[in-house]
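Chain naming follows the written order as A, B and C, and within any one chain the residues start at number 1.
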Amino acid sequence: MAPVSLQAVRKVYGDIKVLHGIDVDIADGEFIVLVGPSGCGKSTLLRMIAGLETISAGDIRIGGRVVNELEPKDRDIAMVFQNYALYPHMTVATNMGFSLEHRGASKAEIAERVKWAADILDLSHLLERYPRQLSGGQRQRVAMGRAIVRNPQVFLFDEPLSNLDAKLRVVMRGEIKGLHQRLGVTTVYVTHDQIEAMTMADRIVVMNAGRVEQIGAPLELYDRPANLFVAGFIGSPAMNVLGGTIADSRFNAAGVSLPLPTGIGITGAARYGFRPEHLLLTPDGLPAVVSLVEPMGSETQVTMRLGEHAVVGVFRERVAARPGETIHILPDLNAVHLFDTKSGARIN
Amino acid sequence: MKTDLSPRLRVALYGLMCVLLIPFVFPTWWMVTSSVKPISDIFAFPPDLWPRRFDFSTYSRVFELQPFARQYWNSAYIAALVTAGTMVVSSMAGYAFARIRFPFSNTIFMVVLLGLLIPSEVTIVPLFQMFLRWGMINTHWPLILVPIFGAPSVFATFVMRQFFIALPGELEEAARVDGLGRFKIFWIIALPLAKPALGAVAIFTFLHSWNLYLEPIVFLSSTQMFTLPQALTQFTDAYGGAMWNVQLAAATMTAVPVLIVFIVAQKQFVEGLAHTGLKG
Amino acid sequence: MSDISQQKRPFWTIARKDAAAGYLFIAPQLIGIITFVLIPLGLVFYYSLHEWNVLANTFTFVGDANYQMLLRDPNLPPVLLASAIFSAGLVVVNMSLALLLAVLLDQKLKGIVVFRTLFFSPVVVSLVAWTIVWSFLLQANGGINGILQVFGIEGPNWLRTPTTAMISVVVVQVFKNVGLNMILFLAALQGVPKELYEAARVDGASRFKQFRRITLPMISPTILLTSIITIVGSLQVFAQIAILTKGGPGVSTTVLVYYLYQQAFQFNFFGYGSTLSILLFVIVAVLTFIQWQMRKRIVFYEN
């Protein structure tokens, strides 16, 4: 177990700049999730921590030691790959013991560690099988077994669940989280699924186009997104964002005027954001014309027109309105987010 | 095209294939049967599909007329060495071209591919001069060195490269994390997974070496050193006429063992070739 | 601290070590290609500018004299013609037979593997052995004429008549190697997605139309690849000619490689032999280039 620290880490492929200076400090034993849209550089960053990609500039430290020029094997990390990367020509047991074998562990020691890992992951009955004889979930567990066998300082996961079906994904999510709680090993986990990020992370690093947009605990990102990008990326369905101007303690957007939270000292152009679940149905609210109603059982998702803007609301109560009808809504003023129009940065 | 066929069409197809088979199968049959006919029966009319008299002395004559056992050994050990050597050289080169990033790798690969374009006949004259200078004429070195390192191994390198390109990169990365260096990744991970491609390469290379004809007759001059293809053409009587039955006995001994190996292992043989040759 | 580590970057970075491994891995092949292909290729050109008398052991620069000789060599036009006829005949017969056999083997029939094995078997029969049997079969009093005579047909002396000699060498070569192309075609046919045929059947296309409109385009990359291999291979045919006809009768089956061999190693004209090698190289290069260009036009589909 060890802290991991990234300082001004950059990556270029020839002329293509992929990472523009990443600073992240990961505490000992922390579960960090990197999220961001496809192509933003999450895998690249993870692979740089692993030593599978060279570091163009900056420093990566594991346990206080600069590892920039260390081979992956000397960094004391273990990685779980998206497609599991199990060696097809070796049995599950050999796969799991492989790294120990190549670090000169004795046969007895290997057998003991493999048994320990297999017990934890419920793989004991599969040890003599070959990867092709396993189901997707079992392969996933073998890949994790291979990682934990060695008791490394850091676990690295690159979208390990993306090849599983939805149900299994939820199960494995729990297993990975449980494993982390049990072993307490520093973990860096890459995903583009924000639900995975929210449910698993101690802290989330939101990345976009090779930059870190925000680092924080899941609820922190949800409650106080630092900028428009994080606001739009975290939360589903996405936050409603309206462009307009602040004047006379109101926010004026096309065709609608919204109330502001108290204590907003600024005026001029801004963006006004509220999450669908923070819309309230109230008779003295603003009129909105319903265009689509999607009952989910526990809640109801309604798409409607507010002034000239399409907004989405999620309501705990069952909404009986039909398309074309008008309902009255109001954003919860404690959960309204204001952003700068140009920089996208949060201003309230 | 794989629809179920009507019984009548089925019979027609079997018939067609049987007729087409004749020129593929009959020569081998004729070779084996004629090799045990006495010389007087060899041009008998009408032709005997089954020998009317057997004369197995042709087989001992083969060994009396030439150091045939020695020549057999020459061909066998050369082919074995060339096959093993080519597998090493081309799997290493194919692996590096497919998976290792190093400056100029593409340019170098293009240069190596030139070997595919240049028939070995083009370079036979200077090769002869080079081996003459090195004192290697009438030795087996040219037949071993050139195929392993020169143009003939380029095809093998190409096949291996195509195979390794398709290997998932994650496997190698997992191996690196597990503590293997380049050489061990190649040896423990990549190569064992490349068995089908290696098999195809081995087959191609062995057959190529086993069949080599121009090179032996250019480089070798004493019967002790001859390889089988060269030896096969040397069975003539005092007047230069072909001793057909003896020659066919030698040909049978050359061809049949390989044929038997092929029939036993035909599945791996054919499918190995199909799957590596195709994805070019 | 960060700056210190930046300065202390070792020379042998991970990337450099790996690149060094790469060079190490390709070294045997690269050195081999330089020694046994590139240097000889340079030497061939160098020799072709010289007159080389082996007996007198003289080696004199003659400029383009050998190339002049090439242009005036009365044997060259018939040799090139023979090469062209041989290659064209071989490619056409080989490719069409290979395709026919592949289509037959692609049918759902019991025991098809036995047929596949037998059609392929000549590929693994020693080339010289195969040629010797055919030579034996094609003798004036050999097996083929024997069989023809049973049906009352007087066969020609196959290997001693110009036309039949050429046909014979082509046929012997085709049956020897057609199995290779057959297997490649078969694999390509089996790689055509079944849905395409199903869609065509729904559209009411006949079998023949399916073949022309779906099968051929889909396997055209394989056709191109095999045609390149077959043509380049056809220019290298040597053992068959040496054993069956020795280039005769006359020069009717003297293909370029055989002529080259005669000039260089039978008559010891190394200089002129080298000039012929250059010619062979140019022909192969041009043909390959043309076929590569044709890829754009002929190949409808590429993955």
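Structural remarks
Definition applied: a residue touches a chain if its C-beta (ideal position, glycine included) is under 8 Å from a C-beta of that chain, and two chains touch if they have at least 3 such contacts.
Remember, predicted model here, so these are calculated numbers, not experimental data.
Chain contacts here are complete: no pair of chains fails to touch.
By number of C-beta pairs in contact, B-C leads when B-C and A-C are compared. Subunit A and subunit C, compared by their mean Cα positions, are separated by 57 Å.
Here the CA centre of subunit B is 15 Å from the CA centre of subunit C.
Under the contact definition stated at the top, the residues of subunit A that touch 2 or more other chains are 51, 71.
Within subunit C, the positions touching two or more other chains are listed as 15. Multi-chain contact residues of subunit B, defined as those touching 2 or more other chains: 181. Only residues 7-8, 51, 54, 57-59, 66, 68-69, 71 of subunit A touch subunit C when the two sit together in their complex. Considering their complex, residues 168, 170-171, 173-181, 184, 189, 192-193 of subunit B touch subunit A.
By the touch criterion given at the top, residues 1-5, 10, 13-14, 16-17, 20-21, 23-25, 27-28, 30-31, 34, 43-47, 88-90, 92-93, 95-97, 100-103, 105, 108, 111-112, 114-115, 117-130, 145-146, 148-151, 153-154, 157, 181-183, 186, 207, 210-211, 213-214, 217-218, 228-230, 232-233, 242, 244, 247-248, 251-252, 254-255, 258-259, 261-263, 266-267, 269-270, 273-275, 277-278, 280 of subunit B touch subunit C in their complex. Contacts from subunit A toward subunit B in the complex involve residues 47, 50-52, 71-73, 77-79, 81-89, 98-99, 102-103, 146. Within the complex formed with subunit B, the residues of subunit C that make contact are 15, 18-23, 25-26, 28-33, 35-41, 43-44, 47, 101, 103-104, 106-109, 113, 115-130, 132-134, 136-137, 139, 141-143, 146-147, 149-150, 171, 175, 179-180, 183-184, 186-189, 191, 194, 197, 207, 210-211, 215, 222, 225, 232, 235-236, 238-239, 242-243, 257, 260-261, 264-265, 270, 273-274, 277-278, 280-281, 284-285, 288.
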